[in-house]
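Shared between the two complexes below is chain A, which has chain B as its partner in the first and chain C in the second.
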Partner chain A sequence: MAQPAPTDTKLDEKVDYFNLPCPIPFEELHREAMMSLKPDLFEGMRFDFTKMLNQKFSLNHSVLMGPTEIPSQSTETIKIPTANYEFGATFIDHPRLLLWGRILTDGRLNARVKCDVSENLTFKANAQLTNEPHMSHGMVNFDYKGKDYRTQFQLGNGALLGASYIQSVTRNLSLGGEVFWAGQHRKSGVGYAARYNTDKWIYTSHGSNISCATCNPSGGIRNGFSHTQVASTGMVLASYVQKVSEKVSLASELMCNYLSRDVTASFGYDYILRQCRLRGKIDSNGCCAAFLEERLNMGLNFILSAELDHKKKDYKFGFGLTVGE
Partner chain B sequence: MASRGVSLKAKGKSSKGSKGSEDRSLSESLKEWSTWAMRKAKVITHYGFIPLVIIVGMNSEPKPQLSQLLSPGFVFLPVCVIMLNAVASNRSSWRNLKLCGDQESSFKNECD
Partner chain C sequence: MANHGKKRFSITAAGDEPGVLSRVSQSPAVRRTKQAASDAAFVAKKLLRSTGKAAWIAGTTFLVLVVPLVVAMDREQQINELESHQASILGTPPPALQKS
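== the complex of A and B ==
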């Protein structure tokens, strides 16, 4: 990549190191892999209705009836049938302001605010509030976008502080790092990431190391950070997405937790066809999942979701209908 | 956040008795105020965020009608049923399940 490309290939210009494109934000590094490998799987019946009152303002009613897992001490999964109604309001004044709120019947509120204070500085806030004490989380981010770099500073409840930086090194490669400190759990962590993308394929890798005074798994603190769902200490995540054609893309991901010796590999596919979108994945934990969105009519989508976890003997099937744009 | 406030208050009270210096009480009152402010902000956000989004949306151009806000009537019937269920049973049953962990295994045995 360092030498100028020969004239008979597609690139007929020298790599101009002062004119590199702005990289993807640090938390969205893995977004293509996440789209294929982590669709919104659910269990039960789901009905979503979106009513656009305006170009910018919409209301959303969502009903979900089905078994919900409750956390239990034993290894078996215990499910309780529940029915939830969720009301939401969304205001999008692209690109300046975004307000997104969802409230459930049990009083849980998910709120997101994104505001462009100036051309390069963005303020984002994100909260999950519940009626139960000590279970609410909030996070505030300040993002600054430079010519070929992005930085982000995060502040969350429980004395959570974080900062990340990502820089375009060449036209296709960007490197970044993050540091964070969680005061309440006395943990600090450092992470590094790299992303290489071409028109046809994207490779990303992310490694992080968390040092803590007490050895507790972190789980919930990492909600706002990039792509570590279960990160106790020391994790490396690598993903590769290949866009085989306009309609098909394949993704694979490898996650190694080198301190707890836990490795997971997953492969997934994403078919975007004219009337439907089919995503599926298979895991090394013995879990395979599929998600189908079928467009029955303008504004009417039928969704099917299936997740089979052979190791835990947990089978989840869901179906639903999405009405509205 | 509330537990941090409580522990700071406890520390503050004991240090007040032993030291009684002015800048100690200033910092601890500052922390108390900030905890109080965070609690109030949480309650305000919890109840006021969705109405705020609705107000901002109803005042944006082109102005939508108030009737459009309540328009999808067919959604309301299952929604009312669910909400009545939620109000009647969720509070008590969820709290019981969360507090008594070993009741879950007895619940399962009953079902079998």
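== the complex of A and C ==
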């Protein structure tokens, strides 16, 4: 009689350490929390039109009119009304290749490439070019996916080097670490992360010491720059997402910057209903925001965004329409 | 001579001594009461102002966070009811009540 194979799927019994699932990539650790707590808030009017020319290729036209903030030294926020048009093209050959580009009327160009060189090795590049000198940057990533681990090596301009590694320790827990070095600012840093996920809830925590710019290519495209997680020195971030039912999930996040003694807690909800998707969040900085996407018709979505910052007395509201799949 | 006896009971100030009314109004008890009343007015004004601010913040936050949620859930419930009503009219019991 053959022995039962060690791939034992009973839940609380023994853990098969040779058959652990592959963890999610290090940069996407906070993915679920980000989806609820950081919706794409905007101010003004936004219109997006996506036209699929082919199963793989699509063009995208987008108009955004509204006030944009200018960073100013004083405590007042200065806003200037701007309007811009963005044209983009996307080519997706699903498993292997993704090419994505966007250009704006103020001369900024964003581009991303993701290519599966082999089954386990992935090459990603992302670039943002602007008219202003010294503000363009680009980054190249090489990802290797093993059986139950992932590693990534990053190379960016301004002599930015980074590496990260994440490993599944048990079926639910994965631990990882990263190191990076920024030549331009002469800073280096180390970070650690842990993620525990079950079917119903996910807990992640991430601590880093002197972080600088790690380009996170999966977020923040709307603002025209790829989301750089610029934390100042010494940051610990913990987040918890609970899936209350299949339509509702609640998330909370705590970010402590232990060198500048700055702590922010935020709570959010994410309701995915049949006709709409509503996300709301409230912050300890006195900021509350809501984002609603409502499906008016097949391929036609109406979006509303509201953000109230009671401390700075800055209120932003936006509405828009998204056409196309 | 006749004035000596009456001096203490004159109401308005006569001569050097203050009269009864002004003595009463300068006495410590009245002064303390006045101070307490003005303090109470100051505190009440501050309380009213901060209650007003809190009510404004709570009200606008409620309007942005809770009202869309209530509206969306209400619509969802209406759609569900309509669907179950239609399903029962067409003769198939709604999936939740189907047996076997």
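Convention: the second predicted complex is superposed on the first by the 293 of 325 C-alpha atoms of A that agree within 3 Å, B and C clash if a C-alpha of one lies under 4 Å from a C-alpha of the other, contacts with A are read in each partner's own complex, and residues count from 1 in each chain.
The criterion applied here is as follows: contacts are C-beta pairs under 8 Å (C-beta built on N, C-alpha and C of every residue); 3 or more make two chains touch, one makes a residue touch a chain.
Just so it is clear, the structure is predicted and the values come from calculations on it, not from any experiment.
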**Asked** When the two structures are laid over each other on chain A, do chain B and chain C clash or fit?
**Response** fit
**Message:** Applying the document's definition of touch, where does A:G207 land relative to chain B and chain C: first, second, both, or neither?
**Reply:** neither
**Request:** Answer with first, second, both or neither: which of chain B and chain C does A:G177 touch in the superposed model?
**Result:** neither
**Message:** Applying the document's definition of touch, where does A:Q275 land relative to chain B and chain C: first, second, both, or neither?
**Reply:** second
**Prompt:** Of the partners chain B and chain C, which touch A:A290 in the superposed model: first, second, both, neither?
**Reply:** second
**Prompt:** Who does A:G234 touch here: chain B (first), chain C (second), both, or neither?
**Reply:** neither
**Asked** Which partner does A:L129 contact after superposing on A: first (chain B), second (chain C), both, neither?
**Response** first
**Prompt:** Once the shared chain is lined up, is A:Y85 touching chain B (first), chain C (second), both, or neither of them?
**Reply:** first
**Item:** In the superposition, chain B vs chain C on chain A residues touched
**Value:** B
**Message:** How many Å separate the nearest C-alpha atoms of chain B and chain C in the overlaid structures?
**Reply:** 26
**Request:** Please write out, lowest number first, the residues of chain A touched by both chain B and chain C across the two complexes.
**Result:** none
**Request:** Spell out the residues on chain B that touch chain A in their complex, using ranges where they run on.
**Result:** 1-4, 38, 42, 45-46, 49-50, 52-54, 56-58, 60, 62, 64, 68-69, 71-72, 75, 78-79, 82-83, 85-86, 90, 94, 97, 101, 104-105, 108
**Asked** Residues of chain A touching chain C in their complex?
**Response** 269, 271, 273-276, 278, 280, 282, 286, 288-290, 292, 304, 306, 308, 310
**Prompt:** So in the complex, which bits of chain A are touching chain B?
**Reply:** 49, 51, 53-54, 56-59, 61, 63, 65, 70, 72-74, 78, 80, 83-85, 87-91, 93, 99-101, 103, 105-107, 109, 111, 127, 129, 133-134, 136, 138, 157-158, 184
**Asked** Any idea which chain C residues touch chain A in the complex?
**Response** 57, 60-61, 64-65, 68-69, 72-73, 75-76, 79
